[in-house]
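Labels A, B, C, D, E and F are assigned to the chains in the order they are written; within every chain, residues are numbered from 1.
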Amino acid sequence: MRVTVNRKAHFNAAHRLYRKDWDDHKNEQVFGKCSNPHYHGHNYELIVSVTGEVDPETGFVMDLKKLKELIYQEVELPLDHKNLNTEVAEFRNLNPTAENIAIVIWNRMRRKISQDMDLSVTLYETPRNFVVYSGS
Amino acid sequence: MRVTVNRKAHFNAAHRLYRKDWDDHKNEQVFGKCSNPHYHGHNYELIVSVTGEVDPETGFVMDLKKLKELIYQEVELPLDHKNLNTEVAEFRNLNPTAENIAIVIWNRMRRKISQDMDLSVTLYETPRNFVVYSGS
Amino acid sequence: MRVTVNRKAHFNAAHRLYRKDWDDHKNEQVFGKCSNPHYHGHNYELIVSVTGEVDPETGFVMDLKKLKELIYQEVELPLDHKNLNTEVAEFRNLNPTAENIAIVIWNRMRRKISQDMDLSVTLYETPRNFVVYSGS
Amino acid sequence: MRVTVNRKAHFNAAHRLYRKDWDDHKNEQVFGKCSNPHYHGHNYELIVSVTGEVDPETGFVMDLKKLKELIYQEVELPLDHKNLNTEVAEFRNLNPTAENIAIVIWNRMRRKISQDMDLSVTLYETPRNFVVYSGS
Amino acid sequence: MRVTVNRKAHFNAAHRLYRKDWDDHKNEQVFGKCSNPHYHGHNYELIVSVTGEVDPETGFVMDLKKLKELIYQEVELPLDHKNLNTEVAEFRNLNPTAENIAIVIWNRMRRKISQDMDLSVTLYETPRNFVVYSGS
Amino acid sequence: MRVTVNRKAHFNAAHRLYRKDWDDHKNEQVFGKCSNPHYHGHNYELIVSVTGEVDPETGFVMDLKKLKELIYQEVELPLDHKNLNTEVAEFRNLNPTAENIAIVIWNRMRRKISQDMDLSVTLYETPRNFVVYSGS
């Protein structure tokens, strides 16, 4: 009996959509106001979803207190109240679109979640724009 | 690396559940108060979900500004503040249930989204009733 | 010790913004697409707020089961799945704007709520547009 | 054309996480404050999702009025305003974790939904913790 | 320039509506299923609202980190994952209705908030039932 | 008959809490991680509330299309996708706390709303922190 357990979390960050190897004009042309060199920001809402067997002893797929703590260590501490472009190593040469942020979070979480469990990451950039990445 | 990008949109419309080839009594028996001949209406909340490869150049599956514009052209312009039964061609002979509205929206959007991407449509008729259609 | 108790409810209805004594052109000029003669509709979300002394015996300002039942009788039964313009007596000669609908609901509820209590009505026409009427 | 129709419902219940065959110390060690012997409680939000062919006659996968009534009979009546540990037969020897409650609800609903339809249950224990069970 | 700052918080608890000086029959007659002797529970959502002058030096009415910490000490620690009737001193002889819980929280917070500021407490017992208490 | 009409809007921006006349150490001590020199950001959710007499001719306090357009001109155009500290004139010497942003928005809107109407501004900095300013 495989069940998916989900935990919501939250972080605030500044970013801009931007490629170093493009000039400002091209960045602005492709990314519009999201490329503003002075940055803008978001309240990112995150759902981390872990699918696995229910442990017959505890009735848990995974202790949600542990999942909450993992999200704190792997996502909130490194990303909350940060400038994604200048302060987060993974985005030094990677455009921090919602898609790429979700993939970065998935990679960070994947290392910490048991390999017999599936992992999916849902990231809301705004209440109207969100992305889902499940690792393939 | 395939990611799903999602965009929420909104439209208001009047409708009634009704088959022309049934008499009023049978319509009322099957569809209850949803068949009221004077119409009622909803704030339809829509999520359009597109799954595809992340373009390594932009970091986008698809520019969400473009998806927003497509939803405006294909869904909001033709359906918002309309009477679905009398003013929207697809429902001239099709009962505008949430299921059928989702399929109509999916068909309209499918023509505009690149064929190497998957498409799914989620439609909330009320905050408690919603449907999902993914094309098969 | 005066406390405000609030109960949320919900109804779906069709309407159009329209004055009988104006021609179609003027209605369309003032009310735009909201004046579509074929009607459109909304999921109206309602909050009824009653302020009064806490009864020291029950700990209630008012039994919320009773408030829920009053809203059902006074608002949901007469308005849900109805066409406000053609099926609801109060709007025969009154434009069913959110403001006027809130006033109509307040008047209906006011007759049923004890006069030593204050009454306020909040009506969401869409998730982004809402009105509040408190009786003066 | 298979569509998923979803209905949201709600129930309030008390519970504690607890195994009879463990002593209080071990229950407290594994389940923390969720094991408080005096119980705590939740507003459980439930989404029941049914996937099937759209009936070409009605435009329904399944009449949502019927699904709403089934949820009332199978979930709300037996679980709402109850103590899950002491008043619900399925949890006499089963720890009422969100995972197990979702499985119990799925089993109750599965018996009532036509076998050519797929069934999935989403259960929110809090706005930040939720689980999904689809029967395998 | 007076501004209201608001902080949302959350706690889960079990309770029953019940007066010791009434017999079970009268409790059940007045409070219905909310009086179930085995308890039920809720995810209580809380908004604490503090109104005061904006400090021209910091731009704060009150540091929200400090308000968050006060709510944790005065509300979450004593009420979260508790049985309100049996484990919280204020309810030993007070019926834990939403009204009374809001008053208890207001009294606890009032002692900790500077007297030149106004205080209001909003408590959601369910997403559809909530109360507001402002101290008079 | 005075009614309050409310319109929700949204903008994303970067900011940091910071006083130029304090050194970095003091800024960090008072404002914590909100003072990060690389900025962070938010999805600000805004509610603009206008209270006035219902015009008996239109049934409107104020045409919400007009209010929506005013919010776009006065708030969204100048603040959306901006860095509040470096790109918005009002914050050149004013700390962009939620309180101060609400006051700035209120001042901008006040000039455009008829003086016989009351104005209130609610600003969500995060889903858990929000402020209200009504002009006094």
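Basically, a residue touches a chain if its C-beta (ideal position, glycine included) is under 8 Å from a C-beta of that chain, and two chains touch if they have at least 3 such contacts.
Not measured: the values here are computed from a predicted model.
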Touching both subunit A and subunit D: give me those chains, sorted by label. B
Give me the chains shared as neighbours by subunit A and subunit F. none
I want to confirm something about subunit D and subunit E. Since they are copies of the same sequence, is their interface symmetric in residue numbering (over half shared, so same) or not (under half, so different)? same
Repeat of A-D among C-F, B-C or A-F, where over half of the residue-numbered contact pairs coincide, is which pair? C-F
Relative to subunit A, largest Cα-centroid distance belongs to chain C
Taking each chain's centre as the mean of its CA atoms, which one is farthest from the centre of subunit E? B
Rounded Å distance, subunit C centre to subunit E centre (Cα mean): 29
State, to the nearest whole Å, the distance from the C-alpha centre of subunit D to the C-alpha centre of subunit F. 41
Centroid distance [mean C-alpha coordinates] between subunit F and subunit B, Å: 34
Among the residues of subunit F, which are close enough to touch at least two other chains? 127
Chains touching one another, given as label pairs in label order: A-B, A-D, A-F, B-C, B-D, C-E, C-F, D-E, E-F
Subunit D residues touching subunit E in their complex are 10, 12-15, 33-34, 36, 38-43, 45, 80-83, 86-87, 126-127
So in the complex, which bits of subunit C are touching subunit F? 17, 19, 30-32, 94-100, 102-103, 127-133, 136
For subunit E, which residues are in contact with subunit F within the complex? 1-9, 49, 54, 57-61, 64-65
